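What follows is a pair of complexes built around subunit A, which joins subunit B in one and subunit C in the other.
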Partner chain A sequence: MTPTLRTSPDNAAPHQSAVLSRTRTSTRLVPIARVALSEYSILILAVLYFLSMWPFIPELGSRANLTNLFISMLPLLAVAIGQTVVLITGGIDLSVTAIIATASIVAARIVSDGNGLLAHHPAAITAAVFAALLVGGVIGLLNGGAITLLGMPPFIVTLSMMMCVSGGTLWYTHSTNIANLPDGFIAIAYGAPLGIPLPLVIVVLLAVLVHILLRFTLPGFWLYAVGQNARTSRISGVPVRGVIVLAYVISGVCAAVASILLTARLETGSPTQGDKMLLDIIGASVIGGASLIGGKGKVIWTVFGVTLFSLIANTLELLDLQHFTIMMIKGGVILIAAGLDVLRRRLNFGN
Partner chain B sequence: MAEPSPLIEFRAIDKRFFGVDVLKSISFSLAPGRVLGLVGENGAGKSTLMNILGGVLAADSGTMLIRGEPFLPRKPRDAAAAGIAFVHQELNLFTNLSIAENLHLDSFPRRSVYGLRLPLIDRAAVRARSRKLLEQVQLHHDPNTLVSALSPGERQLVEIARSVGAEARLLILDEPTTSLTAPEADRLFEIIKRLRDRGVAIIYISHRLEDVLSLCDDVLVLRDGQVVSSGPIVGYTPERLIREMVGRNVDQLFPAHQAPATLKPMLEVERLSREGVLTDISFTLHRGELLGIAGLMGAGRTELARILFGLDPFDSGRIVIEGQPLIPSPRECIRRGIAFLTENRREEGLLMDDSILNNASLVALPLFARTPLKFIARSALRFRAKETTEATRLRAAGLSRQMARTLSGGNQQKVVLAKWLMKPPAILILDEPTRGIDVGAKQEVYRIIQALADQGTAILMISSEIEELIGTCDRVMVMAAGRIVDRIDRAEFDRHRILCAALNTGVIV
Partner chain C sequence: MRPTLILTLLLPLFTVIGCDKKDSGLLPSDPKKPVVGVAFDTLQTEYWVASRDAIKDELTAKNADMLLAVANNDANEQLKQINNFIAKKVDGIIVAPKDAQTVIPMIKAANRANIPIVLYNRPPAENSGKSVTVVADNLVITKATVSFMVEQAKKTGRKHKAMILVGDLGDVNAIGRRDGFDQVVGQVPDVIEVVARIPTEWNQEKAMSGVTNSLQAHPDIDLIFTSSDFLLPSIVSALKGAGKYKKVGEEGHVLLGGFDGDATAYQMLADGYLDADGVQDVYFECKEAVRAVFELRAGKDVPALIRDPGFVIHQGNRAELKAKMWGANIQKK
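Let's look at the complex of A and B:
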């Protein structure tokens, strides 16, 4: 080693250490803050949770369980991505579970080998998929329309939409499932071209599309602006109504995608498809970091939130806890997540 | 008679934030029955000083004395116990509650039976005490009136009544007149004088130097955390105050402006009316012209601007832009080159929790997303935002790092201006563009406005500061009760005439 190389760090040392010590104190002062504010905090938390639970539940890390966890996570992720878009505008979409049920019935009614409208028709599967997406989009449009044109609060609009739509679906089906879905449709859930599961391809594609929309395009920028301050946005020439309608349409279409995945996986169209998912969807988005007050949220955050939430649900099931215990714990987790949302905002002000 | 002993005395108060001196060796004293005007630019240390007095912050060194006794408030309650009352710039009233309830929020008198205090509110005592408090500020309303039914000026009085309570010995008022009309402000001054005559010491913080000069007995000028000068108000002029606050000569607070040589109509308004709001408003705004609108609060000035920008509807009349009729909506107005800086920059001008870059981008964004898929051309956008914010002399840590909320009022206003200048407007409507910002920032806002007018932008400026209109405009229209009551050219500008027209008295008072 040459002398010059050794002396130069020495010369720099006093200055450097002063800088270092200052950063160190500030890190020591707010470690919780740093973790809570980091983009990857939820992912880190999910990994830590996994590692800490694994010794107690050996089957947690088994290939079968991980595959199951992964597959069951995908429909939830699809709806949660749409929900995130709505949350960014400061709204909430409670009608997603009803959309899942309706889209499920519509798709099954078209494609079913039993009494399907297009049974055995070569275009049946394509038609079913598009009809489901259309149903999601139209219900989203109705939600957005009622919210923007009538000025009603999103909570009440989407809540009543949920009741009307799911009630209608139950009435139409007389509360019965539609079975006998063709193999081609079921392949949407179980197919794996090139060894990659098809649901994974679909949901990743959806996530990437929404991510690009939010991050790089004009409507994406507007969604955040409207969520932060609709008055400022309106005066600045943002088409506030259009932006809000767009958010609910995206949410409806995302719910329809989830519906197709669920229907194919369960090989049945069901009027109660997804009816237990509502709080999981909102909870996972909020855990990820979307704010219920609007203006905040990212697709990647929601991916992390859904991962952590599904992981927790999975471990609770593996622990053979009773249903009500699982509900209580899930409720607690969502509450903590909402608390974190508040904490994050406060810490941001502190900076 | 001997000089009265000081009520409060500051001795060499120092305060540092993160190694930066915010207050350096501040010493002054205030006697009972005196009004002290505290002036300085935003960031001069006024708020910090008052927060130390109010127990919100602790001084790093130095002492405070109240009537000769050391005063060491650790929390706001200590200051309140010592008789210090604080009326903040933003009112802290619950508009859905009554005056009486607002006055007693912290301690309701309770009913008692045989000396036993019950958990029941003694409504009669509340009313009686409220009457007494309201009497002090000469507000003759039933204490059961809801605060939402009061004008901003009356709300201010309720706030003062609450703060003063029965025993305040020192009252601090921070910018109390920002949202008041001229008569309301006058009434406030009367009440301040009455309190003073009763022996209350008052610290009056304001950017309105005329008010400070007419109201205060003493003045304390702060600049960069130091006392520049202090003493009896006699011997101070607006020019001297500005010079001392800014630290440089501001003879040219208002930059020179040449009225446009040729008159090309940009905005023509014909008989615009809205039931109960505007009556028969007609005027023409020309290219490169600065047209001011004077008037009291509620005269219809802001309402006119909002109608022109399509935020509120109108019943009859016509709006013509460069010869083409306009059906106003914010998007249509922006498309036709109109920009509108609202009077409420926090709620209508900014995304408070978003970056300077995103705030500045909001209006011009569609111009940077012209591909069919509406992708934003980020580097071009950023370059333009940097260029524009630099032109407004915005001082900030970083375009994408600093949130609007953390900026001073003046810098926030520059962000709003930058937002509208990203795409240079043909017509600019300004509603109270310098409200609540310091002298230095005001001067820069005037400079920007003048530069825009020189480049041909037609500017309509609403202001409650007559000096500002006289200093910047080519013409001034005066509004009262929804009508234009006077039109004055620059050559005939007369403060007195504008004021009389605004009061709609017709009499020279």
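Let's look at the complex of A and C:
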């Protein structure tokens, strides 16, 4: 399974290159800076941030708040995992919020007890879930197809896709919500078999699957190779087009998973579901360490990024800060994370 | 196993090991003071800002603190904020929800935590748990406003051609206002003939193009009612374009009526261009919302729906009712 390419230093998997770079830079950097620039930095930062805010916000560590924090960050995590895969290939998927809205409407339209296509049917919930995932996959396929076959920039393809798809969803629903979702569907967000919240099970499963794909499979290795240098990859025999399409399909499916969680959580299919999430999604992935230039990113890093990002938002809200202030601070944090990424890159290149 | 992986797997365990410390930190400043969480969908229009200020004043009068959250039109964000309030163990919640459906899980969450929840300005969909809603009686206020306009129209002795700007029909408030208009004009077919209905979906641009097109198709329109004052600027510029923006009493004046009571409406009343405006009594609504929170907290029975009867302000009673009109007070500031 392990391809011979992996032994070449130029095409080393990012994990390996990070390890190599760390070893090289270690002699020059003081230990604190080494930790700050390592792949653990975001997790350490999250823990330090949590500990330093706790005395000021006693509720921060309460069970109710931590449950709220971790449960409500799961949809963001699901969609950010997909975004990470796209970022690894050097692309970007701006259509994810439109996918969330469309999948939400499709699922609700099928399952709603009010005027659902399969209202009260025993297979309604399964059908709704699969239809939502299919919608995500198909939109991802269209994105990937346009990018690879027409050679268009991912930015403009996914941006136009977002506009077309959101417009279509608003037109179809006349801007109205679809409510009356059955209890079985709502249980996707609120159920807890054996005391473990179901959304946690779903997202952990998704994370593990994508982690295995990226870390242990050939297509996973190809994703990094394409992101680092698409031309070299093509010459080396990597099916670049197929790999890019795969990335966007994964991103679409992950967005659909997020959509199902959000729709069940809000007990409503909404044509504007998730439309304010885009910057949080890209921001959290970048904070985690996925590079906007491609070739770098890990599921685990994105977990850290989403955790830190959600933790910051949570504390700012608990501190009763104004919405505008929260937006400014979140923007600042993303900027710092992107800066840190550049710094890390420079130091590595310096060697 | 790598340490990163171990730590990651440990992350969700935070949810289990979290301990419920008693409030001992810096917030809230006075532990005995009741705290009410107030969640707005948006603060982007004057109406919501005026509401926020009025709720804050009411809470201060009751020696309570306000925790404010604004969801920026994002229902999931609003649900998170309500859960934050619950985590902070607030004494009550007032929420101006994004819509009637997505507020349901918020009501359920507050019910589970046994925290009173009051909905401001928008009632929930059915089967939604225990809550109290304070909302303007859109139907009654609109009927009173349009009735006043009909009286003015009767005085001219001729039949009027009417236009109504309808709001987003997914919003019960918009439906109430449309129905109020229809019920009144339906009774006086010899005075009013409705020739244009503009579906605005609460959008300025749609209102503007709709009004402009209708005025071209029906140049004899001489009565316009808008379901919300925030669309008045669109009407004004379309009327100006058609050369029909005249003061009350001037030759060619188009009878104008609105709903809300915002600052633009007040200015147009003061300048003599607007005939009548149905006003949502923000001060009454906020007072009732705060009162409902405290009564629910004290275990008293509160009706599930508290209606704001509002009032109609027009050229005749402007001086008298000005102080009650929230838009007039924003103007002063």
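To be clear about the criterion, the second predicted complex is superposed on the first by the 316 of 351 C-alpha atoms of A that agree within 3 Å, B and C clash if a C-alpha of one lies under 4 Å from a C-alpha of the other, contacts with A are read in each partner's own complex, and residues count from 1 in each chain.
To be clear about the criterion, a residue touches a chain if its C-beta (ideal position, glycine included) is under 8 Å from a C-beta of that chain, and two chains touch if they have at least 3 such contacts.
The structure displayed is predicted, hence computed values, not measured ones.
A.B. asks: Between subunit B and subunit C, which makes contact with more of the residues in subunit A?
C.D. replies: For subunit A, the partner with the higher number of touched residues is C.
A.B. asks: Have a look at where A:G295 lands relative to subunit B and subunit C in the superposition and call it first, second, both or neither.
C.D. replies: first
A.B. asks: In the overlaid three-chain picture, which partner chain does A:F56 touch, first (subunit B) or second (subunit C), both, or neither?
C.D. replies: Only subunit C; A:F56 stays clear of subunit B.
A.B. asks: What is the contact status of A:Q228 with respect to subunit B (first) and subunit C (second): first, second, both, or neither?
C.D. replies: Once the two structures are laid over each other on A, A:Q228 reaches subunit B alone.
A.B. asks: Taking the superposition on A as described, I'd like to know which of subunit B and subunit C A:N177 touches: first, second, both or neither.
C.D. replies: second
A.B. asks: What is the contact status of A:Q322 with respect to subunit B (first) and subunit C (second): first, second, both, or neither?
C.D. replies: second
A.B. asks: Give one of first, second, both or neither to describe whether A:P219 is in contact with subunit B, with subunit C, with both, or with none.
C.D. replies: A:P219 contacts subunit B only, not subunit C.
A.B. asks: For A:S236, is the partner it touches subunit B (first), subunit C (second), both, or none of the two (neither)?
C.D. replies: first
A.B. asks: Check whether A:G145 is in contact with subunit B, with subunit C, with both or with neither, and answer first, second, both or neither.
C.D. replies: Neither partner.
A.B. asks: Which subunit A residues come up in both lists, the one for subunit B and the one for subunit C?
C.D. replies: none
A.B. asks: If we count contacts the way the header does, which residues on subunit A are in touch with subunit B in the complex?
C.D. replies: 216-219, 221-222, 224-225, 228-229, 231-239, 295, 348-349
A.B. asks: Help me check something: in the complex, which residues belonging to subunit A touch subunit C?
C.D. replies: The touching residues are 39-40, 43, 55-59, 61-68, 70-72, 75, 174-177, 179, 197, 200, 204, 262, 265-268, 270, 272-277, 300, 303-304, 307, 314, 317-320, 322-323, 327.
A.B. asks: Mind listing the subunit B positions that touch subunit A in their complex?
C.D. replies: Where subunit B meets subunit A, its residues are 309, 311, 330-331, 333-335, 340, 342, 347-354, 358, 361-363, 365-366, 369, 373-376, 378, 403, 405, 419.
A.B. asks: Give the list of subunit C residues in touch with subunit A in this complex.
C.D. replies: 3-5, 7-8, 11-12, 14-16, 18-27, 43, 67-77, 79-81, 83-84, 86-89, 99-102, 104-105, 113, 125, 168-170, 201
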